[in-house]
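The letters A, B, C and D name the chains in turn, as written, and every chain counts its residues from 1.
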Amino acid sequence: MTISEIKGESLQDVQALPDTRGIALDEVGVEGLRYPLLISDARGNKRETVATVAMSVSLADHVKGAHLSRFVDVLHTWRDRLSSQAVTLMADDLRQRMGCATARVALTFPYFLERLAPVTGIASFMDYTCTLTAAASDRGDEVVLAVKVPVTSVCPCSKAISDRGAHNQRGWVTIDARPHTPATGLWFDHLIDIAEAAGSSPVYALLKRPDERHVTMAGYDNPVFVEDMIRTVAGALNHDVRIAEYRIRVVNDESIHNHAAYAQIPWTLTATSRDSTDG
Amino acid sequence: MTISEIKGESLQDVQALPDTRGIALDEVGVEGLRYPLLISDARGNKRETVATVAMSVSLADHVKGAHLSRFVDVLHTWRDRLSSQAVTLMADDLRQRMGCATARVALTFPYFLERLAPVTGIASFMDYTCTLTAAASDRGDEVVLAVKVPVTSVCPCSKAISDRGAHNQRGWVTIDARPHTPATGLWFDHLIDIAEAAGSSPVYALLKRPDERHVTMAGYDNPVFVEDMIRTVAGALNHDVRIAEYRIRVVNDESIHNHAAYAQIPWTLTATSRDSTDG
Amino acid sequence: MTISEIKGESLQDVQALPDTRGIALDEVGVEGLRYPLLISDARGNKRETVATVAMSVSLADHVKGAHLSRFVDVLHTWRDRLSSQAVTLMADDLRQRMGCATARVALTFPYFLERLAPVTGIASFMDYTCTLTAAASDRGDEVVLAVKVPVTSVCPCSKAISDRGAHNQRGWVTIDARPHTPATGLWFDHLIDIAEAAGSSPVYALLKRPDERHVTMAGYDNPVFVEDMIRTVAGALNHDVRIAEYRIRVVNDESIHNHAAYAQIPWTLTATSRDSTDG
Amino acid sequence: MTISEIKGESLQDVQALPDTRGIALDEVGVEGLRYPLLISDARGNKRETVATVAMSVSLADHVKGAHLSRFVDVLHTWRDRLSSQAVTLMADDLRQRMGCATARVALTFPYFLERLAPVTGIASFMDYTCTLTAAASDRGDEVVLAVKVPVTSVCPCSKAISDRGAHNQRGWVTIDARPHTPATGLWFDHLIDIAEAAGSSPVYALLKRPDERHVTMAGYDNPVFVEDMIRTVAGALNHDVRIAEYRIRVVNDESIHNHAAYAQIPWTLTATSRDSTDG
């Protein structure tokens, strides 16, 4: 096989053909790609993890297609040095290699924190689903950190109207936060802490009986609706000077119903963002 | 276009080619097919529903492939007259049309029962996922009814060791039951009742405040582990003279943990089956 | 039990308590509720189907919670007379019963169309996932129709650079369309037709050999990227005078890769909407 | 807080209570637990990965419940030294700590292999879903290795009856293999190679145009049904002297249909097992 054949120089470049329909595309890309990554946290500690990756670029109206193999090329090059900063550089790299106006990268992965059981202090790992998203365009770069955090929630209504007991269930707090630019050291741990503090109690991988007693009573003493949880999270995010904008979604897998209860707040500027805008 | 072209008589029948590897196949078929069906219940009432369908046949070692399009042909023919009896006839029909030793059909669909809230009596529909399976072979026909039923479960340990409250969650009771042949009027409603009775309380689509108070306290007064639920179900099935064999699986979506608790019993003969075997 | 107890008049109304955090909520509701519904199509024909339902209301900043049981109450009342018009009336009803600024309803269900195989003309049902969404607020009502349609897509690049064959796969075309108000007879069938016409070929539940030959060659003669499919759909929607706004997403479950390729266009006004705005 | 309180000595041990229903349970345990693990491959190389874990024990008929927290305790202890051998020791450890007849552990995780594109040789990582299962009982230990491998498959019928092109799609080959005891160096890589060799072509994360041309034509020249793929895999496993027993399942996400085609072979002894049994 000749070098030319290996390079594919004789093969038609169909994607590079012109398109005459006059329709630009916001996003063209790949998704659902699982890849092993090394991600550095806010303190620079590297963690090996497995991410599900989506990458896309915008496509001008006169070009037929995007060269999707370059996405995986770029990912493979950057895979062992990713961080909040590096993922922005990777999006910039992608944008330049594709010669397009905008490039986006989203990495979703399980993130583990060692948690101590509240009474016995026994250690175990809790898993949180996190997403690190970066977009690069000629209007500048943008990063979003997202966390999906399980909590336990005790129903205030059920407790108030019953002589004993109260229904409770696993709930899910999802936060998307866009930090101010340049990045300000915001990392997933902080958002996870905010989410866990909003439930009736955190959820654990390992609880011994004294811990289970503690979690049961702490939850019963602190009943919350999805409406309460989302407002507590919004209050905390709203005054976080590192965050420019956020959105929140809280879901309860209701234990006495065959459906879920939920509350959500769309993308909202924080108080600090609004102040700076007013100023 | 000629009739011959429409019939495809000139097209090669690749599936009918010989295979020389000498390996017979237990199941070849289609799955994940959504289809609108009319299913009659034990009393003959027809219900329109949407099923996810799997159909398969065994394949002899000397034949290359099965003609999969005939599966959908057969399903389309039977789709408006299905019942516990008819699904067996459909499996027989499939077996004959495919000229094979064994044919299997599995229809999974949401099944709704009108339930009354326990205090106010307000009506709503609860959904249960049911599967009707039939197999036809020269050893005779066989039917299996399966139900997946949500319940609420209050943790006996959490209640016993805590001064107040008790963690609880949605649980799932899955029963597979093979009735004695010939079929004996066993239908999904009966299995659903057995499953719901094994939880701390049934789950509802619609509860007003007096109902929520009732469900909360009834559940708190009747705490059960997954081990308790599965044993209650096994006890009920074991003495049901209509059932020959069963298996059970119970899962709790633990409200204080990030994982589920489960218990399961593999296929087990009922007491009546064992007695008849002994006799 | 007294009437008062059944009505729950003595039970505290926790949701109605004041909230002092000053945070209004965009959406509070239920989701993941499966319910049997009767839906009328554009010609008034009723179909029984099973929907997965989400319903929500906005919540003012001074109220603690929404009474979620009323959602299911409203759904149960309307469940046997739903249509494009009726779902808007149901959202209005919900809004009034909840005393809130905005109410939303989203019904997702499998929708079946009888399709004839392209050569033999044999009939079978194809399933499409459709969503009917309505929102009611003091700014007026709004309806969105969404379809998710499977197609087959042959890769133009693979065909152009190979001496024989071309990789192809199942693709998914998702269209969300907001019709002009008042509603204009737009129904799912029309959007499904647009989506199917954009692939290399439609997908079928049942194909005999002459049909398979036809679909194979028709697809091979009409290769399309996700970029081509989305532009074809956008072109068709853009000039549809019944549609005010749309968004599109196309995904290919790539047969030679372990990930998907996708393209998407965010909410976009149609040419007729832009003309009327300009005017 | 006293040591006694931390140890929970005053708290009732509800699980240890007697049960009088006389029903032993095959499996009681936890599932759906995500945990970070270090797994050694056949050559002793350690890999950090994220597993979804299921662990269970059998429960005697006279005991009310299993102490589920001990499962996570055991997992946490073993999490950084897992391998084919160690997972058996972990199951033994679990069995002893729980004082039960049988203990089972199943670890499911994405497993990555660096693959070179077939013409350009460019490297990327392919992901395979693997499961390592161990069971310990007084009848001895048992290990099962399972892999789920994506392939591309070209339809032999479509190719034979069409003048040009052939429909093809992503397929999935799932193999469960029980090695002879004592363990024989069987590892996932070997099963993955067998699965990939059975398709029309392997699937890749990264293909340049010369590679895409190669994969397209290689696949077109090697069309296979699900029946062909499963027989090729069965033939390879049947003569593997390291394997005692296997089962196989192959699924095609049909590109011209709205459903999947599948074939499966239930647990089957290999030729070497049958020979040794005969002897």
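The rule is short, and it goes like this: a residue touches a chain if its C-beta (ideal position, glycine included) is under 8 Å from a C-beta of that chain, and two chains touch if they have at least 3 such contacts.
Note that the coordinates shown come from a computational prediction; the quantities given were computed from them, not determined experimentally.
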Touching chain A and also chain D, the following chains: B, C
Which of C-D and B-C has more C-beta pairs touching across its chains: C-D
Label of the chain whose CA centroid is most distant from the centroid of chain B: A
Averaged-CA centre spacing for the pair chain D and chain B, given as whole angstrom: 25
Interchain centroid distance [CA atoms averaged], chain C/chain D, Å: 37
Centroid spacing, where centroids are CA-atom means, of chain B and chain C in whole angstrom: 29
Multi-chain contact sites of chain A, meaning residues that touch two or more partners: 8, 11, 33-34, 127, 157, 161, 205, 207, 209, 213, 257-259
For the chain A and chain B complex, residues of the former touching the latter: 126-127, 150, 152, 154, 157-158, 161-170, 201, 203-205, 207, 209, 212-213, 215-217, 219-221, 253-259
In the complex with chain C, residue positions of chain A that touch it: 8, 11-12, 14-15, 19, 21, 23, 25-34, 53, 56, 59, 64-66, 68, 156-157, 160-161, 225-228, 230-231, 234-235, 251, 257-266
In the complex, chain A residues that touch chain D: 1, 5-8, 11, 13, 33-36, 48-50, 69, 72-73, 76, 110, 112, 119-125, 127, 205-210, 213
